[in-house]
Amino acid sequence: MRLVCDNLYYRYPGTDTPVFKGLSFGIDRPGFISLFGFSGIGKSTLARIISGEIPPDKGRVDVETTGQILYSHNAERFPGWESTGHHLERVCDYGKRDLLAHLIEEYAVAPYLHSRYSGLSMGQKNRMNLIRYLVQDFGILIADEVLANVDEPTRNHILAGIKELLADRIFLYISHNALEVARFSRLVLVLPQNPEEGHTAIRIIDGLDEGTGQRTYEERTLQDRVYQLLRAASGMKT
Amino acid sequence: MRLVCDNLYYRYPGTDTPVFKGLSFGIDRPGFISLFGFSGIGKSTLARIISGEIPPDKGRVDVETTGQILYSHNAERFPGWESTGHHLERVCDYGKRDLLAHLIEEYAVAPYLHSRYSGLSMGQKNRMNLIRYLVQDFGILIADEVLANVDEPTRNHILAGIKELLADRIFLYISHNALEVARFSRLVLVLPQNPEEGHTAIRIIDGLDEGTGQRTYEERTLQDRVYQLLRAASGMKT
Amino acid sequence: TKKDETTRNHMTGTRKNPIKYRLKWLYNASFAGDIWAREKGVFRAHGLTVKLLEGGAEQDAIKDLELGRVQFGVASADQVIRAVSEGADVLVLAQIFQKNPLQWIYNQKRLTINRPQDLKGLTIGITYGGNDESIMRALLKAYGIPTDSLTLYAVHYDYNPFWKGEVDLWPVYRNTEGIILQKKMQKANWKAGFFIPDRFGIRFVANSLITSGRIYREQPALVKEFTQAVIEGWQAAMDPANLATAARIVHRFDTDTPLAIIKQQLTSTRTFVTPEGKWPMGRIDRAAWAQTLGIMSSQGLIKREIKLAPLLAGPPP
Amino acid sequence: MGIFKRLLQFASIFFTGLAILWIIKYAYSFSDYLIPPPAELLQVATSYWKIYLAAVVNTTAVAIAGHFSAILLATLVAFLGRSGSVIGNLTRTAAYNLQAYPIVAVAPIIFLFLGDGLASRLLIAAMICYFPLLLSFIGIFSEPVDQVEHFFRTTGRINWRLELAIRTFENLDKITTVIVGSGTMAIVGTIVAEFLAATNGIGYTIRKALYQSNLAKILVALFLIGLFSSLYLSLIEYIGGRIKMRLMGG
Amino acid sequence: MGIFKRLLQFASIFFTGLAILWIIKYAYSFSDYLIPPPAELLQVATSYWKIYLAAVVNTTAVAIAGHFSAILLATLVAFLGRSGSVIGNLTRTAAYNLQAYPIVAVAPIIFLFLGDGLASRLLIAAMICYFPLLLSFIGIFSEPVDQVEHFFRTTGRINWRLELAIRTFENLDKITTVIVGSGTMAIVGTIVAEFLAATNGIGYTIRKALYQSNLAKILVALFLIGLFSSLYLSLIEYIGGRIKMRLMGG
């Protein structure tokens, strides 16, 4: 299980400033990894590069996993001709039926399985969409603000659950919520705001790696970690 | 300045369960008001009813303001044929030019004024969209998760600023972030999860009404308030 | 004075506002006389400035006359009779074709047709609604041949069914299409024969020169000059001595047909246009008109009876 | 649009046109030869309606068959044209270029090989209405619906059937409009084919009437054509509506 | 698609068709009247190409004018049809119902009133190509782009120009496809009009050739028609591309 980005350069066609200049980092163990940084810094772009949706101008992405790399974001929709329940069943990978039932229960979406996607609230959409990705066979799942419209208690519950679910895979979580990033991540990749002259340096900070009901740290530690993340994101020296 | 909802009933066509059964509340002073509640509880629906986008099945909305009621949400896009800068200038209301310049500066979007909307990151889109609403002449602005994809420091900065900007108007903010809801709101309207038998009761809880750099409360108070909000949202007695 | 001038222009036409003359069909040898009158200055010699307008399936000189778009036209007798029976205000000035050039072509190597009875059992092309239909039906009736003893086939503009042998007899204008088809058949080692209704007593008048009753009454001088010019044009064009010249000027209009063919077409046209005996060119064959009318009314093609005498006015005295 | 509304619309347009024609006739006192009077029209209508009705029914039947073929053909071509393969390119190219030819010019070749029977009429009808269909279908089928397709693409689940289904569904209204619209064109195409070469159908009847300069017959034919087009279009709309309702789960 | 690619495509389709024709001819030993031999075609081409070229240029010019009118008309009708007002309803109804009439049936009436000049050719060309345009335009103009329009609607800023602009922009590719496609139909329409009644243009030339049963001439005409269609379509595509580039700010 390995994900290495080596010296990535990327500039959107038609723009002047590159998003990345020589970005490199490596992850060599599975787990809950977050990608953190201020708005517009390049998180979604990096996600698209890793998932192969856009090729970098220079550099390469090296992946060693058993399954595919999936990228999900929060503007997705289900096909309109079937109920969300049908859709979930249809796209559920072989051998994941039990998981599907479990997630439907956990994410409290059972009452909406008969609705069309368009008849859901934003947070309900978010959860349905995440479920269909989780019942796939993948090695890496990149989740780009997929829970942005879900309320906090539900979100925390979901994230804690995911940790166990995906213990042997890479879950790359993109979120602006420093608190949840600090709590649930094993590692946080921080894209800092003012990249040093001529090259984008990613900072890697340890998260608290909290699981379901196994909070092992002090409130103080959490505060420190959140603070550290925000400093890193704003480009200050740690 | 008054906004009253009186005994609202609403059920989406083709569904079984009504979203609201006899919802009533009233606001009689301007300010930063939040609408809080778990995902799928009916916040966006209420916003659409208040803005007149959908008519309630029963009951009425009574508004007394000097300007129009605007409803903004986070799936909006700008027209594709002009740069975001041009668009903002074009839709800026008469007499709001200075405000526009100020917001562009404050929201750190100046570098993107030459881009098309489609060439922005999600958080950049959020901010641009909010700006164009703020430079309108309105009495009530309903902002439905419009900052959901913006990073927290920027978001807090924006919200603190809005308080001053809209002191004499109603800013109805929908967000899942209990912390910021508690901090910046004068009032929080909480839609509870398990409405009592037969009718939807809204709970109104005071927020801490924090302004720019004028934090006047203890950390403890904030914690209490967040806790109170979450309890109310989950339908527990306060 | 100015008013006189406009009146005169109106009467004789000017370059900017010429007298318009609508032919019955696309430019071809069937309009040699008209083209001659235009190209060889016959109209001009009569003090007229004339513009020829081509005809076609969607064109109808009688309608154009009524709408005031043209002052003169060429139409076949059946068109004229039908229109008059429906209240159109037209008069016949001259009968250009003395015999109807509509005949049926067939391959003599396969068929021998000497009399109408020989048609039995054959497949005969007709244009439903066209005057060839009237002619064929009149002929069959006159000779007591039941329609179900042969096959009528609806023809279109393309001759492929004939070439493929699916149809035995194909209706053609003998003097124009007839010439072209005859040549093609020769090349294919066929021998062209023509079935000629006229020979069996079916006389159905073809192209005639017409104008509206109003113009006839209001501008008799113009009508007289014009008719005269057209007849002179035909006389000159049909003069064997002028064959080469006539062919050349027709070719100017009918560019798609080779000169040699046009010559043959003109020679053939002469036999249909030139009256028998000492009749002048353009004479109106009242008996033939009467027969035409008879055929049409017996086939229910006209709504009310009409009087031929006032219709066949001829040029004003 | 309900069937009655459609029929009402058609009737009002037709009779307005007729009224204008007659107003012109009497204002300029045109002859009955140029524009037939009401009495003649009525007389023609009463004595010929049966023959004409049979002709229109015949034409409509061919048109429906042609329309169906055109829909299938357009779907196929648009679908093949969507792909970048050799066969896709070839199909698209042929389909596009063939349309550059006016049917009146190609008709002789069609009649040469297919004769003047049903096959030619069908082919011409289909050719005339298939192009607008093709245009819309190519537009619809080649435009990805990213928000829906992303998932299937990223999970490697995408296939042509799914792609087709998604794009069709997202554009259901447009597709119905285009199919309804091309329905008229199918009828028009059949009539043109009949006009050019057939010995059946209302187009053939119109040609005969034209030879006789008989506007009254043409007007009766136009009335029946309008009537049957309206009926056919209502039928397609109804079917389209039913399909949509089923898919939308209403 | 570049102009050379288009021309190449056209040429390959045309000559493939020709080859098939000749293969059939020699396989079944059809006579030269049924299908002209290569030598005859060549001879006809060399002796008539100038006249035919002039005719095609003439036709193309009329077609372009007709196409333009049709685009304007379709935009107008689609736009009016979009609104629910009385005049909107009426326009839409008339526009839709008129199309139910085959041009061969309506042509007598058109020629009756407009004569056989340019006006009739233009009108018929426009009528034939405007319907596919109308169909697409109505589809596009009546489908709200909510994500973009919401702001203008909620702030009361929406007006028809803006609505038109937004929906046009969001469907720019579809519109270009439809306009390019209807370009061929404009040429087809002009040729049909010329075939029926004009005394100019390549349609008229085809009619004359048909009366002479001259397939060689028709083939030469088809070649030139294809050539000029390809050129015209390339031109529209080029212009469409430029407009798009400017709007997209590329």
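Labels A, B, C, D and E are assigned to the chains in the order they are written; within every chain, residues are numbered from 1.
Going forward, contacts are C-beta pairs under 8 Å (C-beta built on N, C-alpha and C of every residue); 3 or more make two chains touch, one makes a residue touch a chain.
Every value quoted in this text rests on a predicted model; they were computed, and no experiment measured them.
Shared contact partners of chain A and chain C, listed by label: D.
Note on connectivity: the fewest steps through touching chains from chain B to chain D is 2. Comparing the residue numbers each copy contributes, chain A and chain B share more than half of them at their mutual interface.
The distance from the centre of chain A to the centre of chain E, with each centre set as the mean of the Cα atoms, comes to 51 Å.
Our note on geometry: chain A versus chain B, Cα centroid distance of 26 Å, whole angstroms.
Centre to centre, using the average C-alpha position, chain C and chain D are separated by 38 Å.
Touching of two or more other chains is recorded for residues 14, 75 of chain A. Chain C has residues 57-58, 63, 67, 158, 160 in contact with two or more other chains. In chain D, the residues that reach two or more other chains under the touch definition are 34, 108, 112, 207, 210. Applying the touch definition to all chain combinations yields A-B, A-D, B-E, C-D, C-E, D-E.
Those residues of chain C that touch chain D in the shared complex are 57-58, 60, 62-63, 66-67, 79, 82-84, 86-89, 127-130, 154, 156, 158, 160-161, 301, 303. Those residues of chain E whose C-beta lies close enough to touch chain C in the complex are 31-34, 51, 107-108, 111-112, 115-116, 196-197, 199, 205, 207-214, 217.
Across the complex, chain E is touched by residues 26, 53-54, 56-59, 63, 67, 69, 157-160, 163-164, 177, 180-181, 184, 187-188, 255-257 of chain C. Listing the residues of chain B that touch chain E in their complex gives 51, 53, 68, 70-73, 75-83, 91, 116, 129, 132-133, 136. Across the interface of their complex, chain E is touched by residues 9-10, 12-14, 21, 34, 93-94, 96-106, 108-109, 112-113, 131-132, 134-136, 138-140, 143, 173-174, 177-178, 181-182, 184-185, 187-188, 191-192, 195, 203, 206-207, 210, 215, 218, 221-222, 225-226, 229-230 of chain D.
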